[in-house]
Structure formats: structure tokens, C-alpha cells
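Structures are listed in the sections that come next.
There are two complexes below, and they share chain A, which is joined by chain B in the first and by chain C in the second.
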Partner chain A sequence: MILDPGVLLQVLIWGLVIGSVYMLLATGLTLIFGVMKVINFAHGELMMTGAFLTFLLWHALGLHPYLGVFVSMAGVGLLGIAVERLGFRPLRGTAKINEIFLSIALILILQNALARAFIPYFREYAQIRTPYAHRVFDLGLLNLRYDFAILLGLTWAVMLGLYLLLFRTEFGREMRGTSQNRLAAALMGIDVGRIDTASFGIGAGLAALAGSLYGIINPFSPYSGTLPAIKAFAVIILGGLGSIRGAVLGGLLYGVVEGFATFFLGGAWRDATAFILLLLVLLVRPEGIFRERA
Partner chain B sequence: MAPTAASRARRTPPSLGIALGMVAGAALLLAVTRELFLLQVLTFVFIFAIYAQSWNLVAHSGQFSLGHATFLGLGGYASILLARNLGLPPAVSLFVGPLLPALVGLGIGRLCVRLREWYLGMVTFGFTAITQLLVVEQFGWLTNRWDGLEAPRLLPAGLSVEGAAVGNYLIGLGLMVATYLAVASLMRSRTGLAFATIHDNELVAGVSGVDVRRYRILAMGAGGYLAGLAGALNGHTLTRHISPGVFGIEDSIWPLLYSIAGGLRTPEGPILGTLVVRLFWELMLRRLGGFESLITIVLMLAVIVRFFPQGLYPLVLRGVAAVGARPAVRR
Partner chain C sequence: MKNRLLDSDRPTPNPRGQGRGAGARALGLAMAGLAAALLLGAEAEARNVRLGLLTSATGPAAATGEDQKRAVSLAREEINAGGCVFVKDRNAKVQLDLFIGDDQTSREGAVSGVTKLIVEDKVDLVFGGLGSAFGMAALPLIREHVVPYIPTPSTPLFTRTPEMGPDPSKAMVFHYQATGLMYGAAIADFLVGEVKSVMAPDKTLRVAWLYQDSPFGAEFFRGFSDRLKEANHPVEVVATERFKVGETDYRPQLTKIKALAPHALVPMGFRGETVAMLQQAVLDVGLDPKRIHLGPVCACADDPLYYKDLGKIGQSTTIMSLYSTYAIPKGPAFARWARFRDAYQKKFGVLPGLLGVSAYDAVYIAARAVELAGSLDRAKIIEALGKLQMEQLVLPVRGGKVRFDPKHREVEFFLFAQQMFWDEKLGELRPVIIWPAELGEARYRHPS
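And then the complex of A and B:
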């Protein structure tokens, strides 16, 4: 019964869906780190800002969640741009502790701003309900929820877009160049400041998508972003800081491992198992499975 | 240009004098007022100054811990469990309990010995979440899961409310001053110099014969003990209860904010920072809600970081020097 292929496939799909959340977060984080050499600790909070925006657009204006996602991505993207321009830009070149402080301070600012707007109206948890909440594709072996199919499609469409941007455009080339060697890129006439802004905006936008996705499959609160963000940290350490390939594969892998661990070992181990994986990697191979691309 | 370790050691005023000043100030306040709320706020300041001191000591060795709540919470749990389940008097468990976070600190230090800056930040950040999971799920039979545990009181039962408040105040003060003296002398010792050298440049430290690995692990262990002591003290005196909520991000962030506000890598900074930030916080809470106050505090700190990157303590030193009552800054 437990090894029924349909059930295992179901678990796999679930793992891939939650893995998409981690993948989007990790990709954004690693993109930002690659270019700016800064870890955005408030990535989980940007994620929840995205979830909350999509939720509000749907709840208050009746906007279809799958359209609202794009508005939310744009909105949080702009927020990310503001954070880079007003926050990280002036600190560049000062002591590292200042950047760490800002990164940490943003957690408190965003979390409390969200909680201030959220808790009086929605109490503890809210969830984005799509019109397809109870509809499934019957694929014989397994029942695939409409939402899961759409979310996977949406995520991959966005990731494809990111791939095209990074590897098929001049701007993407500049971005990768800055990530590989900032000084050389600047000497080649690339406006690295503009690249910083863009990478933070894109990272924030991806976080908003991750948050909206999370908010469609789970109830969420302003504090729900912390754990997924910590897992995304684990993923980028696992995948190698700065490596997008590592973030994508690592994120999906992490989701699938978590899915199976939950299924076989029970919910109590859902979060712990994945962390144990991280500890092992830290002990054995602290530079990550994929090295940062030079 | 950051001051070198040696010049910093020479410029710091004598810590014994400062310790006496703190005790005198606190005793004076006690002589003037017995206002319960004020005493409680200050007891909180004393306890969390120990906590910030611990974070600052670890930072002094070049390691920025973003998961310090792990130690705070484990110290509290260990001491409370020792007192509840083994019947140890809280006055003893208070000092035995923190050995658990000290051990965990040694473990984390060992595990992260090759990690720096952002890497270290991310991993320590994650440890809080892992510890919370372990405490709630895997050790739920011992820790009563999310409901947490009642903590036995440190002071003998039967004291008046005022007597208990004064007692907690004095115990907090005593331990804070003791911690301060210990950390100040540690920072001035060879070990402290080794920490500072590792902070300034790990490679240079290694080349000049400092056992980087050993000192980094040692700093984490010592930090674990002090943070655990603060957690245990808090549990047995102020909160009288502990729950897994202690392993939150906020509790990991506070010591960083206190230390930055007061002045990083000085033994006085964390105390000054905790006092200033906490008093400001209490004042603000009277006008604003909790969410708004927290945002305001963070923005205030951003201003401090922007305009006084060394924190408030150097300002105080300069102020004292300018008044000329006693030249505290010697070159």
C-alpha cells in the first residue's frame, strides 16, 4: 500500500511543487549574492509580502490569483529595487557588519509592517483560494490538482524567461559578467550599479512568485516566510553560492527529499530531515555540491 | 581605519572602575525609587546585557552569529529541567544548565569553523529553527512541546512582590557586572588578542601562529555559556516560564542590535546598547503599538549605524573626556 506507484508519484508531485517554492527563493538569493556578494536575509519576508499582495488583490479587488501573481511580482520587484537603491547601495564598501545589519533589520521591518497590516484584519492565517481549488485532472495513476499543474507550469515559464534573459540577451551577459568578476565588468564599461538594482529587483520578484505559490497551497501568516527562507539558504549552500544551476536543482531536490521524508517518517521530521542533509553537506563538502562558477 | 587590537586594548578605560560605577549607579537608583515597573525593566536590561555581551564576545572573534537564540533557549531549558526534574536548586542549575549551550556552541563552532561572514550567518540562522524543531518534536516528551514549562523561582518563596523585584534586580546586576569583568579581562588577555587578530584578518592570524580553529571554537563555546546563563536567569526570575517561542528570529537579532547600538567589540558597548535601546523601547511602547515600535527601533538603529558606526560608547567616552572630569581616553 505504502509503495503504491500512484501514491509515490503523488508525493513526488507534492515535492516538486514545494520544491518550486525553494527553487524560486534560492534562485533569487543566489542571483543577488552572485552579483552583489550580499545575502538577503529578509528574502522570506519579501516572499510573504508577495503572498500578501496577491492575497489582497484577490480578496479586496477580486483579481484572479493567477493574474494577481504578476502584479505582485512587479510590486515586490519594485520594493526590492528600492531596498537596493536606498539600503545596500550606500553601504557598499563599508564594513561587512553594516550589510549584515541591514539584511537582518529588513526582516524586522518587513515582518512587522506586514503583521501590522495583516493581523488586525485576517487574524492568524490566510490562504489564497483559486477558482480551481477542488478540481483535479484524473491521470489514471494519480489525481493532479489543477493548481499544482498551473503552479508548476507558471514556475517553469518564469524560470525559462529568466534563463533567456540571462543567457540570450546582452543584459544577461552583463549580469553574468558582473557575477563572475565585478571589477573586470566595471572596467569593461558595464554599469554594475544598474546590474545590482536589476538583480535585487528580479530576486524580489521571484520571491513574490514563491510566496504567492506558497499562499495558494498553504495557509500563511506574516511569519511564514522564515522557514522556507532558511531552507533556501540551505539550498544555496548545498548548490554552491552564486550558482543558478545549483539553486534550481538543489531547490527541487530539497523539495522532493522533504516530501518523501514527510511521507515515510511523518510530519515531525518534515523540516528536520532536510536540515540534517544540510549539516551533512557542511561537514563533508562546505563549498557546496556545485562550486560557484568562476 | 579600524583600530588594531593592541591600540584598542590600551585605550580602554579601567574596567574595575566602570564596574564600580555601574554598581554605584544601580544602588543609587534603588535608594531613590522602588518603582516596580522600572526595576523590572532594568532587571531585563541586566539579563539581556549578559546576552548581548555573549554575542559581542563571539563577534570579537570575527564570527557573526545570527542564531544566538539557540544558546539563550537551551540555557533556559537545561536549567529549568535540571531544577524541575532532578530537584537541583535553581541557584545551582542556573550555572550548570548553561553547560549544555556551551557544548552546543563548541559543536557549532567546530561545524562552522571554515565558514565566514554570510555563510556563517546563514548556517547559524538556521540552527535556531533546527533547535526549535528538536525541542518541540523530538524532545517534546521532555519539554511539554509548545506549551512549555513553568520555571521554579530562583528566590525563596514567601518574599513580598517588592522584595522579589529588588532581589531579581540585584541578582541581575551582580551577574551582569561579573560577566562584564570576566569578558573585559578575557578581551585583554592573550586569548582576547587572538580573537581580535582573527577578527581583523584570519589569514594573518594563522600565519602569525594563532590557532584560528581552536580560538574560534572556544569563542563559540564561551558565548554559548554566557547566552545560556542569560536564558536561565531570565527563565527563573522574570518570565518564570519557558516555551519554544524563545527560539525565534527576534531573540537572535536583539543582541546584535544592542551590541551595534552600544559599540561592537567593547565590553561596555553591549551594556550601554541594551540600556539605551530597551529604555527607548519602553518609552515608545507607551505611544505606539508593538509592530510600530519595533520598526521605529530598527530605523533608529539604522541611523546609529549610518552616522555613528562605532556605536554610542565612543560618544560617551568622548563626552567624558570633553567634560574633563577625568581623562578616560588615554593614548
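And then the complex of A and C:
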């Protein structure tokens, strides 16, 4: 009964849905790492800032959640730009540990600011409710809520937009150039500081999108970003550090493995199995599925 | 045997009279010490009863911690306004002082919170708490300092060994909360007594559990399965799925449960987790409440926000309760509920939740124990708690008397089940008490 195709297809869909969130989060992380070589540990908190911003726009101002998602992406993108300009840029060239401590400080600042603003009103969890929460597509073997279909569609639309930006524009070429060789890019006249700022802004915007979509399908708290961010780190290692393709494939693979592990082995194995997958991949391909392109 | 201090090691007096000076200094020091001791004694004599609430003032559970803080401050005000606490060895009525130890919603925080209460605030008794894991983390320090402790989270491990026998090393702990074992047993009795006749009248009742992977969730399930064996209930447990604390995506487990076609699903987690489980079960996975009974959920979910957040899909689900946010059981024993609820709402503008109520009661229990002990001596308070017997407070107890049974130092609470119905006028769910028969306003109703 539990091996019924409809049931397995349903579990696959759950995996792809949560995998899409990991994919967005990992893509933002890998973009920042690829260009700036900075590991932003506060990426999960940027994700939750995005989720709460969308929640606030919907709950307090009545803005449609799917419009709020874009406002939130822009808002958190600007926050990312500010963090890069005021936080990471002054530390460039100093010891790596300074960047690590800056991102740890950001975790605490963002978590506590969100907790202070939201917990008194919404207790442990908040959730964004769309007008489609009760609507489902009947796909024969399974029913799919509109929100899940929108989440999948929106994720891929944004990923397509990012692909076009990176591979079909002059700006994307400069960004890839900076990622491949920062010094050479600077010598070629590329304003690498501007590229850093843009990368951080886009990465933060993607985190906000991941958070907002996560907040539409799951309840969330100011502390909910920590685990997805750890998983996003695992995804970029799995996919290959600095590789966007790796983040996409790694994110989806991670979500699907996690879903099936929970289904067959139980919730206790949810996180462990996906990390076992990471270890297995690293044993065979220590550089990840996709090697970082030089 | 030679006394080394009095004989060979005694310093030789200085022949030029410096020894006399040293003697004078020693006398001066002794007098200063005596004065200090007298002053401290006077302070101890004058000081109030110091109660330490260990709760989550910060972190994810801070809002529930706020409920406890409010309820406790209300109890303190009532007791102080009502003539304070009579302490016999002072021959005086003494005010209650409250100190907060913040567990920061973490085990590490619980250790630092209880250290502050014991070492810095020098409390006479520690009480309260939301999460079993946090209260358990504080326990070693409480045992080390032999401080009377009235925990309000649900795990029976507060007073029992992992094998569930009484634990003599925790003699200072008096548990004031229905335990997971009690809840689990009541859930089994309720499902067989009320739900089976509606969902599976001529068959074995097929039940699935989806519960938090923690001592909290495990003990609810343990209480349930122990009761099935003990009462030989006609129940088959078809799934026992678990999830980690803080997890909010239950769809893979719910999909599996749906495929196993149980007659009832018991979702066991904290309020936010329970709301998410029920919503995902109905909206995402497509569990049909007409074919599968959803509940009973944990009493800890019974909070004003639960009714608001769950929405219409919570219709016909059930809660196994100890205190209800909106319903009040029949009978004079429950008159105090209404008084407490009104006073709380008047003072804070919101309704209390179960953990606030248990902390409120715990203040009264602590005050009564101090009166019985006639002293602020911790050992005497522990002894008094062991012998305590007082009228039921807000939470309902069997026999109408609060007493810690000598075997497990737990209170035998009176649990009841409520079913949810949608109130069009309010636009929110409201509960009706349906079990046991002596409290029930109605019987369990099928969603159709």
C-alpha cells in the first residue's frame, strides 16, 4: 500500500518542493562565495528576514503574498547590499576569522531583532496564508495545492532569470569573470567592488525568496533559518563550491533524498540521511558533483 | 594523639609584645564577624519568601514563558494582598518575592537560569517551566543544592527513573503537571470509549501516531501503549511516526500514514507543531476528517492562538485537556477557573494558557508549603510538600484535593476531552467537553 505509485509520486513532490527552497538558498550562498570567497553564515537569517517581511506586508498591509515576495526580495537585497558595504567590505584583506565573526554577529542581531518584533504577537510560529491555501489541482494520482505549484513555477522562473543574467548579459560576464579570477578581472577594468555588492544583494534576495516561499508552505520562527542554511551549505559542498549548476542539482537531490528517507526510515533520519548522501558523494567526488569552474 | 593546631603548629608569641597586637586584631576581627553575622541574621530574619520561576523569558518559547510570568505575578499579588504567608518560626506574615530564571528555551540556558536562582537570588523554592528537556537540565543543580522544586512541564522523568519507578534521589522534586503517561492512558481510553463506536464500530480501531521525537512525545506514546496492554483495548497501532523538535514539515510522514488508512491519527507536539500537522494533514496530504479522526492533541496546544490559527479545518478534531481556554466543566469545583480566567484577562487583556495556569497554581502550593513548614528552611519545605493536602486550585484533580502521592510525588489530575466546532459568528473554533461522561456536555460527534 505504501509503495503505491501515487504515494511515491506524492513523496517525490514534497522532496522537490523543499528541495527548491534549498536550491534557492544554496544558489545565493554559492553566488556570494563564488564571487567574494566569503562564507556568509547568516544566510539562514536573511532567509527568515525575507519570510517575516513578506508576512508583515501580508498581515499588516494586506498585500498579496505573491506580490509581497518580490517586495521582500528587494528589501532583503538592499539589506544584503548594506551588509556587504558596511560589514564585509571593510574586512576584505583581513583575516578570514573576522568575516566569520561578522556573520555570526549578524545571526544574533537578526534573530534577536526578529524575535523581539514578532514573538510577542505570534508566539512560536507565524505562517503566510495565500488566498489559494484551500485550492488543489486534481492530477489523478495525487492532489497538488496551488501554492506548491506556484512555488515550483516561481522558483524555476527566478532561476531562469538568474541564468539569463549570468550567461546572457555583460554584467553577468563581469560577474563570472570576477568569480574566476578577481585580480585579472580588476586588471581588465571590471569594478569588482560593484560586482561584490551586486552578488551579495542578489544572494540575499534569493534567500528572501526562499524564506518567503518556505513561510507560505510551513510555519516559521526567527530561528527557523538555521537548519535550512546548514543544509544549503551541505548542498553547495555536494554540488561543488561556487557552482550554480551544483547548487540547483544538489538542492533538488537533497530535498528528494530527505523526503524519501523520512518516508521510509522515519523523521529521525530526515537530516542524517541527507548528510550521509553528502559524505558518500564526497568520498567518490571530493570536489562535489560539479567541479568549481576556474 | 597530639593536637597539631593547639600544640606544635601554634605560632610562637612575639617577645616584644607584637603577639598582643595580633590578639587585639583577632578580637577586632571576631567582633566584626559577629556584627556581620548579626546583620546577616537580621536580614535573613526580615527577608521575604523567595520563589524562583524557571521559565523561557527569551528564545522561541518566550511567549509561553510570558504567560507563566503573568500568571505567577497575578498569584503573587493575590497572596500578598490576601495577607501574605504566615511563617511560624518568625511569628509573622511574610510577603512573597518572585525571581525569574531564564532558561533561554535551551538546556544550557536552563542551567544558567537555575544557577542564578539558587546562587544569586538564593530562592527558597524553584518552580515552573515549559519544556521537559530544560527542566531536566536544571535538575542536577537542584539536587546538588537540595532545593524544593515544583516543575510544571509534563515528563514523568522529573520524579521517576527512566524505567519509570520512583527515584529516591529526586526527593526534593514535586511534579505539578499531568504527565505524558497520564495523557497517553487517557487518550487510549477516550479513543476506545468514544471514537471507536463512531469510526470503527465492529472492527479493531486502527490508530496512527505522529509525535515529537523527545521524552515529551515518547512518554505520551508510552502511556498510550501501556494502557492498551493493561486494558486489553481493541486497538491496532498501524504507524508510529516521529519528528524532531522544531520541525514543521510533516508531509512525508503524513503521506505514509494516509497510505496505511488508520481510523484515527494522534498528532502529538507543541501548539505550533500541532497546528502545522493538522493543516498539512487535511490541506496538503488530503486526510479526510470524515474517514479519519484527528486527535486528541496535547493539552499544551490549548491556547487562544490555537483556536485562531487552526481555523475551520480544525472542525471535529479533539484535544485531551487539563485546562480549557474557552470551556468550563460543570460543577462547583470549576468555579475557580472562571475567577482566575477573568482576573487574568482583566489584568493582562489576554487569556491564559495551560502552562500559565499550572505556574499560577504552583505559587499557591509553594506558599502553602512554606506555611506548613513554618520556616524558610529548604529541608522543612520539602517535608511539608510531601505531606501537603490542599483544596483543588485551578487545575482539576481527582478527589478535589491537591496532594503529591508518596510513590511518585505526582498529582492525580482529572483529564477530559474536548471536540472542536466552528463558530460562524466568532469566526473561530470553540470547544465542547465530550469525555468523560461526568463532565461531558455532549458526546463525540462524527464530522458528517
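FYI, the second predicted complex is superposed on the first by the 286 of 294 C-alpha atoms of A that agree within 3 Å, B and C clash if a C-alpha of one lies under 4 Å from a C-alpha of the other, contacts with A are read in each partner's own complex, and residues count from 1 in each chain.
In this section, a residue touches a chain if its C-beta (ideal position, glycine included) is under 8 Å from a C-beta of that chain, and two chains touch if they have at least 3 such contacts.
Please read all numbers here as calculations on a predicted model, not as lab measurements.
Clashing of chain B with chain C is the outcome of superposition onto chain A. In the overlay built on the shared chain, the residue A:Ala113 is in contact with chain B alone; chain C does not reach it. Of the two partner chains placed by superposition, only chain B is touched by A:Phe233; chain C is not.
In the overlay built on the shared chain, the residue A:Gly189 is in contact with neither chain B nor chain C. In the superposition on chain A, contact of A:Gly62 is made with neither chain B nor chain C.
Contact with neither chain B nor chain C is seen for A:Pro5 once the two complexes are overlaid on the shared chain.
Shared-chain residue A:Tyr125: touches chain C; no touch with chain B. When both complexes are overlaid on chain A, the residue A:Val38 reaches chain B alone and has no touch with chain C.
Once chain A of one complex is fitted onto chain A of the other, the partner contacts of A:Gly93 are absent, as it touches neither chain B nor chain C.
Of the two partner chains placed around the shared chain by superposition, chain B and chain C are both touched by A:Ala268. Judged by the document's definition of touching, chain A residues 115, 227, 268, 271 lie at the interface with chain B and also at the interface with chain C. Chain A makes touch with chain C in their complex at residues 1-2, 4, 7, 10-11, 14-15, 18, 115, 119-120, 122-125, 127, 133-134, 136, 143, 145, 148, 217-224, 227, 259-260, 262-263, 266-268, 270-271.
Every residue of chain C that touches chain A in the complex is listed here, in rising order: 58-64, 66, 213, 241-244, 246-253, 255-256, 258-261, 270-272, 275-276, 283-286, 303, 305, 309. Note for the complex: chain A touches chain B at residues 33, 37-39, 41, 90, 94-98, 100-102, 104-105, 107-109, 112-113, 115-116, 226-227, 230, 233-234, 236-237, 241, 268-269, 271-272, 275, 278-279, 282-283, 286. Every residue of chain B that touches chain A in the complex is listed here, in rising order: 2, 59, 64, 66, 111-112, 114-115, 117-119, 121-123, 125-126, 129-130, 133-134, 137-138, 249-250, 253, 256-257, 260, 264, 289-292, 294-295, 298-299, 301-302, 305-306, 309.
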